[in-house]
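We call the chains A, B, C, D, E and F, going by the order they appear; numbering starts again at 1 in every chain.
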Amino acid sequence: MSLARPSGRRADQLRPVSIERHYTRHAEGSVLVAFGDTRVLCTASVEEKVPPFLRGKGEGWVTAEYGMLPRATGQRTQREAARGGQGGRTMEIQRLIGRALRACVDRHALGERTITLDCDVLQADGGTRTAAITGAYVALVDAVNWLRSRNAIKRDPVFGAVAAVSVGIWQGTPVLDLDYAEDSACDTDMNVVMNDGGGFIEVQGTAEGHAFRREELDALLALASAGVTELCAKQREALSR
Amino acid sequence: MSLARPSGRRADQLRPVSIERHYTRHAEGSVLVAFGDTRVLCTASVEEKVPPFLRGKGEGWVTAEYGMLPRATGQRTQREAARGGQGGRTMEIQRLIGRALRACVDRHALGERTITLDCDVLQADGGTRTAAITGAYVALVDAVNWLRSRNAIKRDPVFGAVAAVSVGIWQGTPVLDLDYAEDSACDTDMNVVMNDGGGFIEVQGTAEGHAFRREELDALLALASAGVTELCAKQREALSR
Amino acid sequence: MSLARPSGRRADQLRPVSIERHYTRHAEGSVLVAFGDTRVLCTASVEEKVPPFLRGKGEGWVTAEYGMLPRATGQRTQREAARGGQGGRTMEIQRLIGRALRACVDRHALGERTITLDCDVLQADGGTRTAAITGAYVALVDAVNWLRSRNAIKRDPVFGAVAAVSVGIWQGTPVLDLDYAEDSACDTDMNVVMNDGGGFIEVQGTAEGHAFRREELDALLALASAGVTELCAKQREALSR
Amino acid sequence: MSLARPSGRRADQLRPVSIERHYTRHAEGSVLVAFGDTRVLCTASVEEKVPPFLRGKGEGWVTAEYGMLPRATGQRTQREAARGGQGGRTMEIQRLIGRALRACVDRHALGERTITLDCDVLQADGGTRTAAITGAYVALVDAVNWLRSRNAIKRDPVFGAVAAVSVGIWQGTPVLDLDYAEDSACDTDMNVVMNDGGGFIEVQGTAEGHAFRREELDALLALASAGVTELCAKQREALSR
Amino acid sequence: MSLARPSGRRADQLRPVSIERHYTRHAEGSVLVAFGDTRVLCTASVEEKVPPFLRGKGEGWVTAEYGMLPRATGQRTQREAARGGQGGRTMEIQRLIGRALRACVDRHALGERTITLDCDVLQADGGTRTAAITGAYVALVDAVNWLRSRNAIKRDPVFGAVAAVSVGIWQGTPVLDLDYAEDSACDTDMNVVMNDGGGFIEVQGTAEGHAFRREELDALLALASAGVTELCAKQREALSR
Amino acid sequence: MSLARPSGRRADQLRPVSIERHYTRHAEGSVLVAFGDTRVLCTASVEEKVPPFLRGKGEGWVTAEYGMLPRATGQRTQREAARGGQGGRTMEIQRLIGRALRACVDRHALGERTITLDCDVLQADGGTRTAAITGAYVALVDAVNWLRSRNAIKRDPVFGAVAAVSVGIWQGTPVLDLDYAEDSACDTDMNVVMNDGGGFIEVQGTAEGHAFRREELDALLALASAGVTELCAKQREALSR
């Protein structure tokens, strides 16, 4: 693959990824994840309550909220709290993060408690939702370990690992982990959430320009699959430190 | 494929589909679409203005809003207007419908005007978003034809056709066009928006239970592709009446 | 009375009225009512709960909500859910519908449950609130009959029937059941809710131009009274089918 | 008429009415009106602008807003600003006040300006909307006179006078100007807005218990008519001071 | 001190202060307080409940809400209920009033009940928050006396008295109790809440133009201290009537 | 002064302060300020527009917004965007930050542009508003220097420096720069904003328990004054790097 991506990376190359645990001190899990210049603070908060629809069922809940600091972006965006509510994009992203993380949690093993994953973007450069999912997983594991260290739960409710990456078609070539400049220039953009066993948890592909063909879709999925494998390795490495 | 779907349909069988044009009289396009018991009223409204970010650029806009009547569902749901705003699910769906329809419109040919597709679910039985996209396309074509009949636009801004269908894995078997009972019982659920040339516009797959394997994904995409081909034929037939 | 109403009707002539029961399948009562081109879907939903102020009192509640699809009207109106809440006109109308229907219900006989009448205008051509009341009564009766068929209530909580019609003064002549064009041209506009015994439940008259004289008011009330008698016959006929 | 109304008044007797002009000093018109223990502060504010739908048409606008101080009532009610918006009752009342006052204003003579009538209930004891209309008329005249004293308008845009009163049926007898205790005990309650020429501007009657008969309606209208005549005399007297 | 304040008052002179009790009849305490042309209606409402965070703790709560009628000011301001919520200035003021009054209440002696102080500005001419605090104290005492007269509480939960006044630096000279014209012309503006023992409860000083020096601050505090002493005397006088 | 503060610090000792510039890359000024465990990200965003009330006046504007990440605190707090708006505490703090920073800006020299200071608390341990002001000043200077480097402004609109610190009375002794544990235990709490010339910009003192005496106030102001002198030195040092 010889192409000149705006970022200078190879088509199948992730941006430098860093996962810093214990970034803030109050949360049961607190991770600063960076995918290149995209930096997201992911905290996991444990609360001994569940939403009304789960009360008394012996099951826990995992949910997510997403936010972007007003000047995480090149132009200042209005603060959602000042505008009076969360917009459609925010809701869509936080629903995605929540579903992704619930896919690796046995909610009965968690017991009647809620873990909320707050993913706040400190700096944005494309791929905030995929970075958020990848970092939130590590925060979730830390929060669960905190519960286990206090003997609050008997068996590990987390099975497998979950990570996410974006892929897109840039000038006809499938490329991995788009930054903002690449994302803006891509015809097709796909976010892929997978587990460490190679299973798909969520696939969201959108043709921005021309509709994509089946063989393009296949190439994107292969690229994403390899990227998630790398990201899961980064997660394991961070958790082992 | 011998399996007993709850609906009694074959795995690759759509529900009865009907597309009724001119259902209401004020809108430039007005379609009642039914996928089995799911009934969605799709109107296309033409307005001679564009959103602020497009003013003076000679381009038009296509957008969508989605709503569900309170008793479209088995249990009454609270009216979003009474609750004080649209929820996350509604926003996610209407953003999807808007993207899907924009994928078949040349916005320069449309000129500086907006077509709003209002998709209101009168009765829900699974697949409301895919029915909405499929019906909204027909309403959009009617609205564009109304503009053309008044010589407001010179060339047809609509290229190709767009339709959508859901697919899922029911008891290990990929099945097409899930109704509510099937959707609730499926492990994996995917909404696929395609054009009539077999290109993918949007793919949104979610593992509800276990993550899905690549070969399952492939089977689902093949099923969806055949389903959309049938739906595009229904659209053509409706438009030729 | 020889006058040329815009609609071509006689001064005391209703528009064609149709009342279609079981229009959707989930609601306990579901009626599509048409007064000419005005079409309103009225559903009655039974819920086994009452508002806080009635808890433990052995009484039920009947309430209504009103909505208008964005393109029910000649010009698209903004969706109230998107605007962040219901406007003054909507609240005024739904309060009126609720009061009207409560006037024919023995709430002790209903027991501690709520019937919500959702009146959603699919197509508007004047008189949406009077059509809504007239149709909602039929939906209410169907919902009560559903409860009775399940032996949930012992005696019929509905006494009498309720219907409504608008009247106005068009070019000096009192006329019945205004469509949108007539309503816009009328000096005085009155909505009258009555029962089938000729009793008045609600009278709301507004002088749009000149104040109206007592004898005009008398003529309007007589016209409305005859109109409601006809509408109650239509309701009975629909319920007997 | 010999009956024992809770208030001890005759059936056709108003409560003591007082109309105090110039109650506050900033507003162009400022009136404290009292119908017995009901006290409403009505201010008229002149602004040199009109709503968007009137811009450039050479017409003015008259509108009203209504509020109730939290402890104007026997039980404290939640402040609408704290609750996040105006409720249905408030909107219904302020729309009524606005329509009532527009009925005596020639908006072309007013010119492109808006007069806003703010009616804030300091103490409530029934009939707040009728007191508000009666007092707002006087504030409106003061504001118009202020404009005329500055030669901002050439001819008087106010024609006639507008006042309002409630009537109801208390234990079978029609009674005038209900206080809170009477209102709670009445079967039927009607608010009547009239001009000083005996014309009806708005009639809003509601059967709280049994539907009312035509002869009851007639008696109520006669009672209201006499009451408004008295109120218009009070207005003239206040304006002549 | 010879200076020509806009108001013609001496530098250390309060505006005429009046405190009228029992201004409205429903509230347990109801006071109209006037600091010159600033007039605020302060009601104290007793409710037999406490906020969630105090339930079951045997303590009461004292809180405040603040509002301004739309035409209390020279230009009409938009009604907060119509705008959809309370603004920052309103929240800041009502939080201040609440803290100020809680500073003289033994909440255990009050028992599990809430006293809400509603301070509504009928006419504004500077110093609305200081007038509100000064008047609300008297309303609070009346409400507590009402409770005591019914033997609902055993010992007086109010200790000492609380009053407030503004001070500022006008053309280099510290002056007491600013009216609107003075406030607009002052470089520095300070609101001081004190008790009748000379203790400070709240000091909020803001440099509008140049930062103020320590000796200016000292002079302002001395002026405020004398002013509050006078105001406490007015409160005692009002309460003894 | 020998006392055992919870933090082990001397009464007049600040927490370790760090000021890290260029913390994120998009904003014209971006500072991570830490007062001990309190960490606030302060960005300064330049926009070439002013609020409506300043248009065409040749003046600029400086404003601030404040936010707290949900898990910046020991217990998770609800996200304001999800709750539908900013609360009273947030509004009070962001108004304070804005006033504080405007006190050192010549808005004519700034020209018709707005600098928005977003202060987002990543981790809270008391004193978030004083840290925010101290850090926002540095971000403001960086943004102004960015403007000057592009020759967008001719002369420096920033005069002097602004910093803030909290002081309180802990067990009878005045102490500087309260952390959360100390703040909770203090009877009196004061936030003091000053410039580097020793002038006061804002003084906000609140008695949480007993009212404070004048001599206590004097001691607190002296302590704050020394603290701000130290903080201004830290700001200078950071800006010189």
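Assume contacts are C-beta pairs under 8 Å (C-beta built on N, C-alpha and C of every residue); 3 or more make two chains touch, one makes a residue touch a chain.
Chain identities (UniProt): A, B, C, D, E, F = Ribonuclease PH.
Keep in mind it's a predicted model, so treat the numbers as computed, not measured.
Common neighbours of subunit C and subunit E under the contact definition above: D. The pair A-B is the one among B-C, A-F or A-B whose contacts match those of C-D for more than half of the residue pairs.
The chain with its Cα centroid farthest from the Cα centroid of subunit B is E.
With each centre defined as the average position of its C-alpha atoms, the distance from subunit B to subunit F rounds to 51 Å. Note on chain placement: the centre of subunit D and the centre of subunit E lie 33 Å apart, centres being C-alpha means. Chain centres here are Cα averages; for subunit A and subunit D they lie 59 Å apart. Shown for subunit A are the residues in touch with two or more other chains, namely 84-86.
Listed in ring order from subunit C, with subunit D immediately after it, the chains are C, D, E, F, A, B. Taken together, the subunit D residues at the contact with subunit C in this complex read 85-89, 91-92, 94-95, 99, 103, 190, 194-195, 197-207, 210-214, 217, 221, 225.
Against subunit F, in their complex, subunit A makes its touches with residues 24-27, 30, 37, 39, 41, 43, 45, 47, 65, 67, 69-74, 76, 79-86, 90, 116, 118, 120, 122-124.
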